[in-house]
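Dropping the structures in below, format is structure tokens.
Below, chain A partners chain B and then partners chain C, in two separate complexes.
Entry: the complex of A and B
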């Protein structure tokens, strides 16, 4: 497999407040692969997505490290310009309420593929049908507020497809949806990935979503990746105490598994008062003296399995 | 047998909707002839997709919305017979916890003021008594009493949710309706709140209705569950039996849609497609437009909520074919067919 994306020592800061949101992020993504980012709110998952898509909001800047694309392949004429599309948690508010669905899709098709007039309309209809919206012709005249959250997420996905992306970034795409709609959207993403060969970055605080879609997973805490492994390995042999704790607080519907959740004590610290050393130490049951002195360097503990912890949980 | 704490019968709420500028308003039954009983200290979960009528049911039970038809009794008194004084008493003995803790809290008031408000309004305590009461309540939900002087924006999401719970419990109510109280929170915070509610309930004389679209959370918090679809209860029973052997295709689909922690479960067709379709309500089974098992009978005959004989007295389902479905719902055991995709029928059978 060929590498699509390499992120090295990425640092993102808020210059006005002199705080680091991301502090030395490293990962890479192969063409066609899916990477899952997991962690509690405020750990930097969305900012990682924005940094990769080169869409950081005003007020926060990349101050170090690199994000490199190697789109490769003989058909790529302009290898340095990656095609990235992004979808978000709240589709209804990310769609402009004054434009019809048709306008939204057709203008994207013009921008990305140069399609105009009836060509654009035909392609917009095809995309809507592809993402599971029936009566596409009449739906092109509809406005976002006339659609449910699930339908608008489908529209967002159609819009993303108009860019023929090599990488689709999906930031909590199903968090605001019912489980039934979540199952539909997750399956749609699976199918589209298989059809187009695009890579996917999926963010969720729900490990079940990551388990379903991702090949590899990275666990984030306070702006750092603390563990990364194949998703199967991470779920079976989580090694970082935080990864382990996240898994232990997942609730199950399995009738044989009646164990109540084991909550993680405390909460994610604020960026302007991060604990010294390993940021997780005030909440960690395995913490010792050295944990609060210096951040633990990442170490390989298995095939493509890296963890930053002085006292990783044994397999 | 003692009187139930809360009872409802034939509860119905119709809303008039205008779909377009010139369209004729249509009537929608958000809640459609629901019967309901809750014992002292009993915990019931209400689940279903959004739009199925869960919040409306919660508001009807608390007398915050007038029913179009039907009755609600609390401690033996019909809501319709309550006078202003009785409503006051009722408000002390019940409370509602809603979805978003940030919007539920007043940004301009300290945590202490907000938790104390009910005590002062209902003259349960004077200022100094209230202070002690609030401090004790905050400690009880796992917050330090020093938090009293803070404002909501100075707290994490999980801490705010604890404040909202403290405020709901400070009057020592007999009944609380939790409406999506933990749905918007991180899984880690959900786990904290679930653990908190479990331990609080042990200590309190409290019954609750826990409304959620999250089937993972509710399982750890209730004794009984009611599954709603388009305003009706389509399945109900004790939580264990329903999760072990769901009888209604909708319940089965909801459970089968929950993501598992098994990374080998992939390329599974969604158990049901589409969304709620309110045009299905008038006649027949309102789930038929999405049900893989619908027959001609389902289009004409509305299934009654009836006991499922083979499976203990407590489980009821509103499906003509409820006896035909096996115990297992497939995706949980990770079936992937040779094509890599399990079909809808294979999934559910």
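Entry: the complex of A and C
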């Protein structure tokens, strides 16, 4: 498999507040592969997506590291211009309220594929049908506020497909949807990935979503990736105490299991008062002296399985 | 949308009826018109004749209907000052006021809206700070003070423009400039903050992520959204221009509704004052109605409910 994206030592800061949102992120993504980013809210998953898509909001800057895309084919020598599309947590507010669905899709088809007029309209209808929206012709005249959140997420996916992306970034694509809709959208993403061969970066605070779609997963905590492994390996042998706790939480949310989920004690620290050393140490049952002195360097503990912890949980 | 506009229309009519009624009540409370109109030594027959002529000898409900019927026909009585029809007295002044307010409205949009857009696009830049400093200055100096300053600079000191009257187009320049600068400042500030707010919305971030060029994001994606609250502000500005004419026109001795209203109030010319209040209400209600319709046209959430 060929590499599509490499992120090296990525640092993202808020200069005005002198805080680091991301502090040395490393990962790579192969063509056609799916990477899952998981972690509690506020750990920097969305900011990682924005940095990769080069759309960091005002006031947030990339101050170190690199995000590189491999050229499309072996003969391409010019700098790679990746085709990245992104879908968001709240689809309805990510759609312009004054434009129709038709305008939204057709203008994207013109921008990315040069389609105009009735060609663009036919393709927009085909895309809507592909993402599971029926009566496509009349839907093209509708506005986002006339659709449910799930329908709007489908529209966003159709819009993403119009770009024929090499990489689709899905930032909590199902978090705002009800359970049945979540399952449908995840299923749709699975199908489209297989159909188009695009890479997918999927973000969720819900390991279940990651487990379903991703090949590899990265667990984030306070702006750092603390563990990466294949999804199967991570679910079976989580080594970082935080990853372990996340997985225990998830597995215990089981309808047949009457015991309540075991919460991770304490709460995520604020970025402007991060604990020294391993940021997890105030909440970690395995913490020792060195944990609060220096951040543990990532170490290989299995095939493509890296963890940043002085005392990883044994398998 | 039709239902939305119908509701607004009914509301507009209700406001007008309310105003006309209020004016009638003020008329009843403001003393005996016969005594005010006729000389002090008029005899009882003259008073009775006057009351009969104006229907003042009938019951209050009858008088109210009579009054409303007259108003609907444009008959607001005669001016106490010179005995002319109020309709004529007020009608003469309407075009004068419209010339100044409509020109000032257009000029303030032509200055304020682009300035606000540029300031929002180049946020925190020297341009933005310059525009905002100008806007704060323009907005915090009272209208009439700005007018007096203009008179002093251009009419008294430089002697390039006339300071008062309305006989030539040049006479309109200073009142229009005074009005336009003040309102351009307000529009620039509001345009800037509205556009900055829209530019921070998720759909704009999504449009950027999609690689849409900057100018297209501003004109196709941001401004159509910013226009919706902007319409309401433009309505306020238009209403403020009409109301402000009572402050500005006297400064320039501009013979419009504003000066007329001030004169009529000073001399106690009640019929003229009342007709002007009704007229002012008609203008305000019309502006509101236009704002409501535009708002619905621009906002699909209302248009397609």
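Assume the second predicted complex is superposed on the first by the 299 of 315 C-alpha atoms of A that agree within 3 Å, B and C clash if a C-alpha of one lies under 4 Å from a C-alpha of the other, contacts with A are read in each partner's own complex, and residues count from 1 in each chain.
Keep this in mind: a contact is a pair of C-beta atoms (placed from the backbone, for glycine too) under 8 Å apart; a residue touches a chain by one contact, two chains touch by 3 or more.
Keep in mind it's a predicted model, so treat the numbers as computed, not measured.
Engineer: Chain B versus chain C on the shared chain A, clash or fit?
Structural biologist: Once both complexes are aligned on chain A, chain B and chain C fit side by side.
Engineer: Per the contact definition in the header, classify A:183: touching chain B only (first), chain C only (second), both, or neither.
Structural biologist: first
Engineer: Looking at A:53, would you say it contacts chain B, chain C, both, or neither? Reply first, second, both or neither.
Structural biologist: Second partner only, chain C.
Engineer: In the overlaid three-chain picture, which partner chain does A:119 touch, first (chain B) or second (chain C), both, or neither?
Structural biologist: Once the two structures are laid over each other on A, A:119 reaches no partner at all.
Engineer: Touching A:108, do we find chain B (first), chain C (second), both, or neither?
Structural biologist: Second partner only.
Engineer: Go through the superposed model and pick first if A:85 touches only chain B, second if only chain C, both, or neither.
Structural biologist: Only chain C; A:85 stays clear of chain B.
Engineer: Between chain B and chain C, which makes contact with more of the residues in chain A?
Structural biologist: Of chain B and chain C, B contacts more residues of chain A.
Engineer: Across all Cα pairs of chain B and chain C, what is the smallest distance in the superposition, given in whole Å?
Structural biologist: Between chain B and chain C, the shortest C-alpha distance works out to 5 Å.
Engineer: Which chain A residues contact chain B in one complex and chain C in the other?
Structural biologist: The overlap between the chain B and chain C interfaces on chain A is empty, containing no residue.
Engineer: So in the complex, the part of chain B that touches chain A is made up of which residues?
Structural biologist: Chain B reaches chain A through residues 49-50, 156-159, 186-192, 194-195, 198, 213-217, 219-220, 240, 243-244, 253-273, 275, 332.
Engineer: Write out the stretch or stretches of chain A touching chain B in their complex.
Structural biologist: Going by the criterion above, the answer is residues 40-41, 132, 148, 150-151, 178-184, 186-187, 190, 205-209, 211-212, 214, 231-232, 235, 245-247, 249-255, 260-264, 267-268.
Engineer: Which residues of chain C touch chain A once you look at their complex with the stated criterion?
Structural biologist: Those residues of chain C that touch chain A are 200-203, 205-212, 221, 224-225, 228, 298-301, 304.
Engineer: Which residues of chain A touch chain C in their complex?
Structural biologist: Residue list for chain A touching chain C: 53, 55, 57-58, 84-86, 88, 90, 93-100, 108, 111, 142-143, 145-146, 156, 159, 163.
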